Every structure is written in structure tokens, then in C-alpha cells.
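In what follows, a single structure is set out as C-alpha cells and then discussed.
Per-chain numbering from 1; labels A, B, C, D and E assigned in written order.
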Amino acid sequence: MDKAHIKYTLSWATLVLMIFVFIYVTTIFDVIGQYGMTTIVLIGINLIAAVGLNLVIGMSGQFSLGHAGFMAIGAYATALVSSAIPSIYGFIISLIVGIMVSGVIALAVGLPTLRLSGDYLAIATLGVAEIIRIIIINMKSTRGAAGIFGIPNFVNWQVVFGLSVVAIVFVVNFVRSTTGQAIIAVRDNEIAAESLGINTTKYKVIAFVLGAMLAAIAGGLRASFIQSVSPQDYTFMQSITILIIVVLGGIGSISGTVVTAIVLGILDVILQNFGSLRMVIYALVLIIVMIFRPKGLLGTSEFSLKKILFDSGGDHGNNNSKNQ
Amino acid sequence: MATTILKTNNLSIKFGGVTAVDQVNIEARENELIGLIGPNGAGKTTLFNLLTGVYQPTDGEVSIYDGTHLKNVNHVPPHRRAQLGIARTFQNIRLFESRTVLENVLIAMTTQSKARTAQALFRTPGFYKETAKKRARALSLLQIFDMIAVADELASNLPYGQQRRLEIVRALATQPKILFLDEPAAGMNPQETQVLTDLIKQIQKTFKITIILIEHDMNLVMAVSERLYVLEYGKVLATGTPSDIQQNKAVIKAYLGEEG
Amino acid sequence: MSSIIQQLINGLILGSVYALLALGYTMVYGIIKLINFAHGDVYMLGAYFGYFFIKVMHFNFFIALVLSMFVSALLGMLIEFIAYRPLRQSPRIAVLISALGVSFLLENGMSYLYGSDKRAFPQAIKTIQYHFGGIQISNIQLIIISTAVTLMIVLTIIVKRTKMGRAMRAVSADQEAAVLMGINVNRTISFTFAIGSALAAAGGVLIGLYYNNIDPLMGMTPGIKAFVAAVLGGIGIIPGAALGGWLIGILETLTQAVGLSDYKDAVVYGILIVILLFKPTGILGKNKREKV
Amino acid sequence: MVEAVLRVENLSVNYGAIKAVQNVSFSVNPGEIVTLIGANGAGKSTILRTISGLEKPVTGNMSFEKQSINHMSSEKRVSSGIVHVPEGRRVFPGMTVQENLQLGAFTVANKNQHKVAYNNVYEQFPILKTRRHQDAATLSGGEQQMLAIGRALMANPKIILLDEPSMGLAPLYIKKIFAIIQQIRDTGVTVLVIEQNANQALKIADRGYVIESGQIIATGTGAELLSSDEVRASYLGG
Amino acid sequence: MKKIIAIVVAFVVVIGAVIGFGVSKKSADKTSDVITIGGVFDTSGNASAYGQAEQKGANFAVKRINKAGGIKINGKSYQVKIVNKDSKSDNTEAASVTTSLISNTKVNAIVGPVTTAATQAAVPAATKGQTPMMSPTAGADDITVQKNGKVQPYVFRAQFKNSYLGTKMAQFATDNVKAKDVVIFQDNSSDYGTGITNAFKKAYKGHVVETDSYQAGDKDFQAMLTKIKNQKFDAIVINGYYNEAGAILKQARDMGINVPVIGPDGLGDPKLAEIAGNKNTSDVYYAAHFSTKAPATDAAEPFVTAYKKSYKQEPSQFTALAYDAVYMIKQAIENEKSADKAKITAGLAKIKNFDGVTGKMTMDAFHNPKKSIVMVGVTNGKDTTATVVK
């Protein structure tokens, strides 16, 4: 690892640490209070789910409307396992179980359906998520429509903050890996990618499975934090909520996803006070943002520390800013 | 005589009722440079698509030399054929437009990559080492093609001629045994075409590969090809050296209509 | 035996409404490749317009039906003009989100203005039951089927025989070539929205009459079901939408009839996925491979 | 001196960062056949597309019958008499031959004119008459090209823009198409045609322009260009 | 390098500001003369019909309390303020707004949420914030019970437990309707429907011919009804809400199925008869909290009259329960002579013989109100009979 890379990694680490310290200070001096912390946790959870969906929609170009299904799997895994083993280890195991089950189901579903294109895939994934939800409603062990509650809580803002950072670093580094680059190649031009020896189905499935796994983490965290799950939490609308974060941020832009998750999280806080007008305002925001920023808030560009701090250039391939 | 590296046997494909490629028998030998010409709609690109696996033939077979003997690859999908050593460019340019020139070349090295995804996730020294190695190779390829200066440009921002050239570089990065070029000079001006002509010859020499080329620019085709196949209505109309073909009455007629 | 036939009739009626909705979905999709998530909400508004014309203006049911279709057509054009037209050159997913925004706006706007509660739809036509052997069918059910079929025939005539219909088909087949014919693409798209919305409104009014209740969220589920129906039949294909609608209606009914009502939607989605795997572009869809 | 029916001055068109057409000027006189020849990707199609309004120019002016059409909508251009037969024919595959022709007359309000136009087209292309109830998709390439041209004629054009009418056609059809182009001109319609088949095109053209990399590099009468060694070398092969 | 220094300096300044703000805020905390009640209602989304009705009930209660002079503690009158937040039919949102009300608005007590699932999600927030929470309509048995079997200290409800409802309905079906065979339709998308069904089946002495499920929002019940039409049964039990029950009723009657229909309090809304049509709404029995026909307490009649005057519509069970929830909080404050959160919690647990609109209530050890169920019989869309099920 050469010096430039160390410097680069360190500056990112410092930034993350600064944000952490900032939140930490605000909490111990009770500036944001319990509610602020709840908001941070929920933003972080949406963030993890959205980063996962961006991997599927943005990076691999596959239009999935089924994210809620995989979040549900993660949530129920955590609900069942950590209720049975009410310790931090139980919680960790539950997350792993959720990730595995979600991954296996995504694999089983993805292999055949990812052959479908565009909107056909969208409806197939929507169907899969609904099927998952209906099965959960009708299963004895998941307690049907009532859901499960009294789940032990092992999630606080530090956990979510940490996992969000891990998820972002994971996705960003993954995109830079050979596999990640192959996935983007498949998105940009499937036929060309194929002609270069890239097994397009394989890479689409990889992205889909990883996205599902991240969704499972988000679901698991939420179940543990809210301490209850119910099938109503994971309807089509949940998939849409996450989809909106991804699209509003800019498809394929991880920084955009982060920014939008935070912005929408804060918007939600404000809108809670508007009663039934709430969703009307939200709807108008959606339409207006799309009309004026059809490529999303950040388009496809990424936030680059290197540009801001060092601004040296000359190092190939670390900034993909595309300005049109 | 050099080994036959690619061979078709009565290769045909029908779309609806139309036979786009009809009982075509062609073969290519090691390090040979073959031109494929014919009027628009004669089935040249369709033939390429059959050879590279994009289409499945209705009839006949495609065989590729796998090191020991010719092997039927009819049911081998395009990405596996690429791994067997087939590379191509496209008539309508197909670059990874959101990626830079360098990244386009790096992506082409995916199947040869030794870098583990896990290494990339943790940004281990191994990752940086492997990345540096790949990058060096890609840059040296770009160097050969005089594209170092634009290595960090987005592929979509390149001028037309450069995009075509990048497609060739990208195809070569897969370390192919056979390179298919689909109208590489399309959209180039005569000077660019001249440069391309030299380049194709150079590629054949440097990389020791077989090149099969579709081209309308007769100057180019005649200058580089060792042997030509002429297609018309999906059938092979004639085959031979460039000078044979230039004298061939049937070919002149097919190309220029009546007189020539 | 008679109960099976009765169930098939039930499915056919349910499917007729899905089909009316799916037709609008499919036409809009065919012409601008947009999954118009707001379509189900136009159906809801159509029902509310019908409610208004019957309950407040005291119009005859059929006049109210036609008026509601007309007003909804205008509304559809307005929605297209405000929320979709500015995004003509944008990525498709941006338009999709805009459509979701419109959907939320209509649902919650109505809920804000008139409350989320269900309203009883005025019974403009008295229900009369007819019995044929063991089969029972009501006049309202007959009205639904015949209106749906009539509208489908009218739609077919518009699309096949009129100048505007030809323009629609031209734009949907090849937008650029259509421009070269001197067709005003924007106007044609507008017209498509008008027709699609009118059909949705007809569905809404019929449903209002049949089930006797309407509410601001009534479009959500049928909207998605109609989308599924359109995809099942082959999205962008008009007969496909009708076929898909009826198929889903019948499937849902039969699933319940065999005692799988807990899994009603799961069965529908499951069958959809299986069909797509074998026929990736829907039942009547044509497989197209990208030109290389 | 006759006044040009179509005049293009200093036209430049970009596709994103690519300069497709740079500073191109030319004119077409009434009753002429003018051809633009040049390699694939030289910018010929872009010029036609800009004239018919499918592309927006960066700079330059286009005028038709002395009026600037720069800001005219595509539909208006069609109804004022500029009709474009696009590359690859672009007939509407799922519609019958007759419906395709009907669409051609989309801007013609007068129904009587439709009848006259049908008769003319069917007279010129008898094969279209026999196939009038067939889907356009079932026609052969040559028949589709005839349909595309017939469809354009339905609009009552003053100038017809033809983009590679001979592309992918058998020699027999190519010959036919060029004969038709001459016939069209003889009925008083001006023709601007793009061709890769430079040989044939120049033979029937009154004048021609050679385009390379988005610029005009040579001009002259058809015969002049045809006998130019340079053009011969570039576009007709060694 | 300059940039980096600038960023570090900026960071230190920001942190300093945050600390300063935190310290100053601490000292600024003070008590007020207003008692604040938080309202967590789904006013948008799927459950908004119920949420909007409850929000109206709670607001109406607050309005009436203030009009009557507020809540008196030790001779001093406190005005009541209600802060409503929309939980948009989303359970996570319910948890989030509950936290917001507790930690930001600093409410004294909470009314809501509407549904069982949302209440479950809000319980941890209320517990952490040590704030009493009174759900008007959450029905699941165990929402007031912890995993270890102890009572949830901060959770109360005004609603019957589902099992209690189901049991009493079964008793009524056998004793009063004399139904030997019944068909059950349940709303499978919420615990309310399935929970009552389970309890009903457990307690019912007759035979359940068929149990069929539907989802909230369904409109078409033809298939379900066709299936049972030719079977033998004496009554239909619909475990769900009036929206779907009304549609089932209409379609059943249109089909010629004229047996008695029994349902829980979810059917108790004037909309039932509107949707089903008056004529079809006959021989229908639902579990009521209040009825003008058989007013459980003296509070019912004036409430209905006043509500009608204010809102120009009939109050539903949802409205009445939310109204009672607020009044129970008032009662608790007055009994304990304090608006302190711990005192309200203690007061609510001790509520005894509270004269609510929905009945005379006494909180049991598990914070469930003990009140008698009145099965109201409907003929031609009008409440005509009232039977108290003991």
C-alpha cells in the first residue's frame, strides 16, 4: 500500500470519526434527545437498505421492486432467533441467519428471474416480495398478522452508525473490485460484456444476492430496534420507500443515497406534524424533485474526498464524476 | 500449412421466413487476416453473431480450435466463447459509456483477473498490487494504440474514431486468439482509415492472432486482407485473394450494381 | 358443477374491471414505456366523479358514467402534462417516481379533502337478481360485463379505425418515424392518457355501483393487480391486457373457491412468475432480441 | 438564377460531445436531384435528420422556400412539404400497407386528396396495391422501401429527403429504386438523397456533395464527381 | 494542508457550539401550566379511516375538557393541549412519533396508536420514556403483557381484549342466536381478525363449517360467498372491520344469504349500513361499546348529541374509544392530583368504575378495561336491540 492510499484511507476514516464524535457529543449533552437518536437509527437502517438496493438498481441495472421481501426475511430472522437466544450473541447469530436465508432465497429467485428484462423483472420481484409476505402472514411460527413483539433490543445509534459505515465501505470497495466492475459493465452494455467473457447472469445474480443480504441486515436491525415486527411493515410500500431514496439520490450514486436517506429522514420528522397533509407534501416533493433533478439529487456523481482535500488528480479511476 | 482455428459447416440461420445466413462454409487459419465483404444486408454481421454465439444457428455448426482439435461450440454461450479466445467489436459501438477509457480496458481483463473480491473489500496490499499490475498492462495496451492521453476520459466523450479504436483495444485486452472486427473504419475519415489500416496489420503481427474483418471501405479491406469471403443474400458468393476478388465479375455486379 | 360456473362468472366480472384498468396501463406503457402507478388512482377519482354526478348532481347513472369518463380523461391529460411531459427526455425511472408522486398526491389529497373513510356509492340502479338453473347473476353484474366489453370494442375501433388511433399505434411502434409522418407526438400521448383514464374511470364508477363503496385508497390494490394483468398478457399489447385482466380475475376467484384464500395473491403472483419464466414478455408478447 | 427551395447555411450539429456536422452549407434547387455521399458516420444522416427536425442544430440556418424553418416543429415541416424517408425504412411493422400509407397522409386534411394520392402511389408501386391488406412486416426489404417512399409521397411533398434508399437491397431493387427517384423528380418533387451506393446515386443526381467527418469536402455535378479520381478512390474502391 | 487545518478548526468550533447549546438547553427546562397529551394516530395510509376517526374523538374530548374548565389539580385548573402526530399506518413510524412526543414534545401521556401492530412497536418507546400510553383500539391480548408474564407498566387500552370479544361472541352465538353451525370470515391482514377468530373457535360450542380469509381493502367476496352458499349454516361471523363487513353483508344478501351475521366492535360504525344498504343490514349483531339503544352509562347520550352537533356525523366506536381514552387520563390525573407521568401511570392502573361513553370501566391487573359487552342488533340499518352478554 503506497503513501497516497494510506493518506486517502486515513482521511476518510477521519471524516467518519468526526461525524461519530459529533453525534456522540450531541447525544451526551442531550441536544438531540432520544428522538434524535431514534431518527438517526431509522435513517441508518433505511440507508443500509437503500445502499443494497442501489447495488441492484444502480450498479447492476436490474429493476427490483422486491426489496421489502428481503428486509422482511431479515426482520423475522432477528425476531425469531434473538427472541429464542436473548443475548448479543443471539442477535449477531440472528443477523447472520437473516443474511444467509435472504441470500439463499435471492439466489433461488434471481437465477431464473434475472433473465427477465426491465419491467418484467420488476413485476416478478414485486411478486416474490408479496409471496414472502403472504407466507409470513400464514405461518404459525411468525404469529401471522399479529407479528412478533418483545424482541430484545441490541441496536442503538452506535451499532447502526457502525454498520452503515461498513455497508457503505463494503459497497464502494465492492464496486471497485473486479466483480463490481464486471457488474457495472453488464449494466452499461450487456452484449459487450458478454463478448468480453463476462458471464452476465452470474454477475447480475451476485448483485441481486448482495442487495438482498444488505436488505436483510436493515430488516434485522429494525426488528431489534423497534422490538417488534409485523407483516404490514413489509408491503410493496416499503420497497417503494427504499426505491425512492435510491432514485432521488441518483441511481448508481452511493453518496446520493446517503444524502437522500438523511434528507428524507429529516423531512419525515418535519412532516409528522402535518397529519393527513403529510403525504400530500411528500408527494409534491417527489414530483418536483424529479422534474427539476430527473437524474436525482447527485446524478451519477460521487462525493470525493480526494478532490476536496488533495485535488491532485492524475490517479486513474477513483473519481467517476460524470457531468452532463 | 497453419492450423485451422475456426470453421463453419453449412451454417444457417432463419429469422421468421428469411434465411439471413445460408449454408455458409468458411474457415480461418492461425494468424490469418480475412476480409468479409458484401452488400448491406448480405448477412455479414449476422454471421459474426453466429460465430461469437450471440445467435444460435438454425442449422449447421461452428467449430473452434481448442488447442488440440476443432470443437463444436454451437451450444457454448458468448461469454464462454470469449473465454475460448474469441473477441469482437461491434458495428454500432458498444462501449461501457459511464466508464473511462482505462476502465473499459480493465473490465475486459475480468476473466483473467487474479484479484479476489475479498481483497478488494478490505483493500489489502494484494488488491493494490494486483490492481497496479492490471493497470500497467492496460496502460501498455493503450500506449500501443496511442490512447494514453485519453485514458481518464469517459468513453462516451471520445470522438467517434477513438471510440472505434477503444473497442479494438478492449477486445485485445481479453487476449483473444481470433479477433472479429465489425466495420472498424465506419465513420473514420481517410486519414484515420489509413492509420487503422496500418494498425490492423500491426495487431496481426504483434499479437499473432487471427483477424476477421467486415468492412465497406475497399481500400482498407484490399490493403490488409490476405483472403476475402464475399457474402450475398446470406451465401458465400466468392472467396479468394484481394486481387482475385477485384477481378470477379459477380462481385463487381453485387457491389456496384450492373457496371462498376 | 353449477358452483364452478358461478365462480367462473364471478371471476369474469372481477376480471372485467381489472381488464378495464389494465387497458389503460398497457396503452400508456405502449406509448411511453411508463408504468403509470397513478393509474389506479385515476380509477379512484373516476369513482368519486361518478359519486359526485349521481349524488350531488342527480344525473342518471349512464350519463354520470360518461361524464366521469370525460372529466377523468381531462385529468389524465393534465397529469401527463404536469408530471410526465417535462420528463420526456429523462431516465424512465425518474418518470416512474414522478408517477408514484402523482399516485400519493391523488390518494392523500383526496383523503385530506374528503377523509379516508369509505363512502356509500349511491345505488342509482336497483339490484335485480336473475337465476338460470343454479346460476345467479344480477343486472349490475351484467351491466359491468357489457360495459366493459362495449368499451373494449369502442377502444379497438378507435385504435384500429380512427386517425388518432393510427397515430397512437404509430407513436407506440416508432416515435421518430411517427414524427416524420407529421404526427404531433405530444398530442398523441395526451390522447392516449385521456383514453386510458376514461377507461379507468369507467372501471371506478362500475365498481362503485357494484360494491357500493368508494374510498381514496381503493385504487392501490387494483392498480397493482391491473399492472400484473397487463404484464401477464404482454405489456403494451391491447388484447393482452384484456386477457390478463380476465385471467387474474378468474384465477383469484378459483383460488378462493378451492380453499386457498389465505394465499390468493401469492398464487396469482406465483403463476405470473412461472408464466414469465416460460414466456418472458407475457402471454401475447413477442420476444425481441436486442439488435447487435 | 433559380431560387433554392432548400438552403442550409453553416449548419453544425452535436451528439453530446461529438461534433457530427460542422459548418455545412448547401442548397437544393427546385426540381433537382441532389445527393450527399460519404462514408458511414460521416454525418449525412444527421444533416437530413436536422432538416426534418429530428435533431436540433447548434448553429446555422435552414430555410425552405425562403422561410427559416429552424424553429418550426417537425409536424409543420411535414405539412409544409418537407418529407423525410428515414434510414432503414422504418415502416410501421404491425400495420397494414394501407394503414402505413394512410399515416403518410396524416397531415393532409382533404379526403379527396387522399384518394388521388392512393391512386398515384398504387400506380407507381403496383405491388403495394396487391399487398395493401398485408402487414408491413411481411414485406421484403425492397417492398418495404417502396412502401416507405410511397408513404412519403402520400404527404404531398415538395421536397423528399431519402436516407440510403438502396441499403440492403438486391441489385434489381436498387435499380428500381433509382428509377423511381427519377420518376418522382419528373413529377415535380425535389429530391435530396443520401447514398453509400455513390456510383448509382451520382449517375442520377444533378448535383452532389461529398461529406467527410461532418464537413463538405467536394461538390459538383453528378458527372463531375463520378469522374473524379479522388471520389472514385474513396468511395468506389480500388 | 491549509484545507485540512481549516476543517479541523471548523470541527472543533461546531463541537463547541453543540456542547454550549446542550448546556444552555438543560438549564432552560422548566415546568408549564399546560397538560400535554400526545396523539399517535394513522391519519394517512391504509389505516387512516380508523386513525382519522380516533383523532377526532381525542380532539373532541380535549375540546370538551377545556370548555368545562380543564383539569383541576388541587384547585388549580390546567388546560389540556393535544399534539397529534401522524404515524402513516407504518409501525416503525408509530415508534418514531411516540419517541418524538415523549422526548421532544415532553407529553404527560399518550393516546394511541390505533392498531395492535403499531401499539406493539410503540411499547418500547413508551417504556423507555416512562410515559403512560393508552391505546383506544389495540386488541391483541398480549400487548399489555411482557414476555415474562408481568404487566407492561406503561401500556393501557380502552378496547376489549380480542380473546374476550371472541369468547363473548361465541357465547352470544350459541345462547342468543342459537346458531349450531357457523361460517367465519376473518380479516387475515390484521391480528384483530385472526385473534378474535381463534378465541371464538375455542369458546364456540357449535360447529364451524368453514373459515375463510380476506384482506383489508378487498371488495369482492363473491367467490367466498358462492363457496359457502349451498352449505348448511345458521349464522355468519365476520371478524374484521365495517369496511369489508359492509361489502360482505351486501353481497351476501344480494346472493340470498339471509342468515344472522355476528361481528365484533369493528362493525360498529354507521358506515356499515351505508355500505351494505339499510335493507341488507338486518339481522346483524355486533359487539358494541356504546349504543344509544342501550346506553352503557349516562355519558353516552350527551356525547353522541354533542359530537353530532360539532361534526355533523354520527360518532363511531373508534371515536368513542379515543374519547374515553382521553377522559381516563383526565380521571387518573384528578385521582392522583398530579400530572406527573408516573402518577398518571399509577392512576390509570387504578381506574375503577369509570363512567365512560363506552361503558363503566375498571382496569384489571393487566391494564385491560373490564366492561360488559353489549351485542347490538341491527334491523334495517338501525340499532334496534341490545343484549348485555354476561
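Rule of thumb we're sticking to: contacts are C-beta pairs under 8 Å (C-beta built on N, C-alpha and C of every residue); 3 or more make two chains touch, one makes a residue touch a chain.
All values derive from a computational prediction rather than experimental measurement.
**Q** If I average the CA coordinates per chain, which chain comes out farthest from chain B?
**A** Relative to chain B, the chain whose C-alpha centre sits farthest away is E.
**Q** Work out the mean Cα position per chain and let me know which chain is farthest from chain D.
**A** In terms of C-alpha centroids, the chain at the greatest distance from chain D is E.
**Q** Mind checking the centre-to-centre distance between chain A and chain B? Centres are C-alpha means, answer in whole Å.
**A** 40
**Q** In angstrom, rounded to a whole number, how far apart do the mean CA points of chain B and chain C lie?
**A** That gives a centre separation of 48 Å.
**Q** Per the centroid of Cα atoms for each chain, what is the distance between chain B and chain E, given in Å?
**A** 71
**Q** Which positions in chain C are in touch with at least two other chains?
**A** 108, 111, 116, 262, 265, 292
**Q** Tell me, which residues of chain D touch at least two other chains?
**A** Within chain D, residues 16 contact more than one other chain.
**Q** Quick one: which residues in chain B touch 2 or more of the other chains?
**A** 54, 90
**Q** Would you mind writing out the residues of chain A in touch with chain C in their complex?
**A** Those residues of chain A that touch chain C are 57, 63, 112-113, 115-117, 119-120, 122-124, 126-128, 130-131, 134-135, 137-138, 190-191, 236, 240, 243-244, 247-248, 251, 276-280, 282-287, 290-291, 294-296.
**Q** In their complex, what parts of chain A are in touch with chain B?
**A** Touching chain B from chain A are residues 1-2, 5, 9, 170, 173-174, 176-182, 184-185, 188-189, 191-200, 252, 300, 316-317, 320, 322.
**Q** Quick one: which bits of chain D touch chain B in the complex? Just the residue numbers, please.
**A** My answer: residues 16-19, 39-42, 141, 167-171, 174-175, 196-197, 199-200, 212-213, 233-234, 236-238.
**Q** Tell me, which parts of chain E touch chain A in their complex?
**A** Per the touch definition, chain E meets chain A at residues 3-4, 11, 14-15, 18-19, 21-23, 25-26, 43-46, 48, 52, 55, 84-86, 88-93, 95-97, 99-100, 102-104, 116-117, 120-121, 123-125, 128-129, 140, 142-143, 146-147, 188-191, 193-195.
**Q** Name, in rising order, each residue of chain A that touches chain E in their complex.
**A** 18, 21-22, 25-26, 28-31, 33-36, 38-39, 42, 137-138, 144-147, 149-150, 153, 222, 226-228, 230-233, 237, 268-269, 271-276, 278-279, 308-309
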